[in-house]
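Please find one structure pasted underneath; my questions will follow.
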Amino acid sequence: MSGAPEGFAGRVTASFDHQAAMRTLGARIVRIAPGAVDIELPWRDDLTQQTGVLHAGIVAAILDSACGYAAMTLMPPDADVVSVEFKVNLLAPARGERVVARAKVKKAGRTLTVCDADAVAISGGEERLVASMTGTMMSVGDRG
Amino acid sequence: MSGAPEGFAGRVTASFDHQAAMRTLGARIVRIAPGAVDIELPWRDDLTQQTGVLHAGIVAAILDSACGYAAMTLMPPDADVVSVEFKVNLLAPARGERVVARAKVKKAGRTLTVCDADAVAISGGEERLVASMTGTMMSVGDRG
Amino acid sequence: MSGAPEGFAGRVTASFDHQAAMRTLGARIVRIAPGAVDIELPWRDDLTQQTGVLHAGIVAAILDSACGYAAMTLMPPDADVVSVEFKVNLLAPARGERVVARAKVKKAGRTLTVCDADAVAISGGEERLVASMTGTMMSVGDRG
Amino acid sequence: MSGAPEGFAGRVTASFDHQAAMRTLGARIVRIAPGAVDIELPWRDDLTQQTGVLHAGIVAAILDSACGYAAMTLMPPDADVVSVEFKVNLLAPARGERVVARAKVKKAGRTLTVCDADAVAISGGEERLVASMTGTMMSVGDRG
């Protein structure tokens, strides 16, 4: 994936730092590359659902942010990104020392960018695929 | 929607109380009926994304829990519910005094139940549609 | 749903008549209203899948066309519509004298319009829900 | 992807031959491997939508069959497969000498199998990504 405008990593980091929800969840960006962003969420008991695994909505939250920022890496410097829609498949119980969402751009367009992302749970150095997302992200005006 | 086994509301409430994530987000169930559950999330600045609206993943979280529990109302007493997959459309910026996710069962099956849900943002008594979900929920064994 | 520009039904009909695929399948529009379009497909043995029911992709085809044209009813006269993405849930075996896809606009926007649609199989005057779609439709330039 | 029970290719071929819809569309299987199936559709003017590209529903049809049969390669010999749900993103106009849907299993389960698939349009030996699908497939009883 080429064509990331200069300064993309700084813009992604700055925008992510304004996502209060990510801070509240304890998530952090661990990789920014042209067309690809990874977000990591260390385990927290207080983000689980009734079966003791990470709540599907929390998994969706880091997948969605990863998709949005993967899309943003390829957008013009003055563009912001919003989610149009996403689809999540829960593939295995999300439990581990941490869960990492890895998004990459599938198709970048002027207005719409489609991203794929996987979420893996990592424990003792082993990782397991727990969820996947396909999301449509939209470039919106300038960030003002 | 008929066919909710006796005691469904108590089972849904008990399970919801075990969703640590819902407590952490500050969400609560505000309606339980056969095939329908509403979950309300009062506004919190610390759950927003970079544009100051509720993070799409947080909206997905309450939509998903509402879908899961709407499905559970129609399941046998010893069944637990997990999400197989869901799809969310973000329709308008999610900002308001509170956001309410309203889920209802579209098709109940022995193993799989499909639910639709809308999320509305409410401010000053007026509500606005901000997102929708279609989700597939699965009945799993006994809750042990 | 209001705001359908004058002449919307004629434009929808004209565009549908250019969908060679619909003609090949034998589908026809049976209702056009502001924000809503129904498409009917009489039963054909040669459109089935291996279990003898209508192929899920064929069900998707009429749901998609119905969503696209429901969206078009609310678009400016010079706009054409393309599908950005759609999600289909197969809810019951699609078998009957005919299958009807009924789409309605959920949220109309300047660029993107989100539609919901149900497909029902009808036999002996009774209908049964067999599938549902949520789709994102995009307004594109003038039809030239 | 391992674990395809002996004889999987023959079972897939036999089932595909019973999909009257695939024959009507002129689609054929061009690859069967453990966890992966490709289906090819030579160009036909009579399967287009109003803009002259392949109808999105027809693209969905070959993606769906490819996903279903990719899932079936890993299922027990007496299992049949049905689609639970799928999500399609249309990424570029589907026009070419032929369109090929390439599906692979993402996660195989006892009851549910999740597949990803891409559709590419091929012309003059060059291919272009035109659509993608994520689908949930279900193993159902014996084929009797």
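The letters A, B, C and D name the chains in turn, as written, and every chain counts its residues from 1.
Here, a residue touches a chain if its C-beta (ideal position, glycine included) is under 8 Å from a C-beta of that chain, and two chains touch if they have at least 3 such contacts.
It should be emphasised that the depicted structure is a prediction, and the values quoted were computed from it without experimental measurement.
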Selected interface, B-D versus A-D, where C-beta contact pairs are more numerous: A-D
Of all other chains, the one whose Cα centre sits farthest from chain C: A
Centre-of-Cα separation between chain B and chain A, whole angstrom: 22
Between chain D and chain A, distance of the C-alpha-averaged centres to the nearest whole Å: 28
CA centroid of chain B to CA centroid of chain D, Å: 33
Multi-chain contact residues (two or more partners), chain A: 84-85, 87, 89, 114, 136
Pairwise touch network: line, ring, star, complete, or other: complete
Of chain A, residues touching chain B in the complex: 15-16, 18-24, 45-51, 54-58, 60-65, 80, 82-90
Chain A residues touching chain C - in the complex, by the definition given at the top: 84-85, 87, 111-112, 114, 136, 138
Chain B-facing residues of chain C, complex: 87, 89, 91-92, 106-107, 114, 116, 129, 132, 134, 136
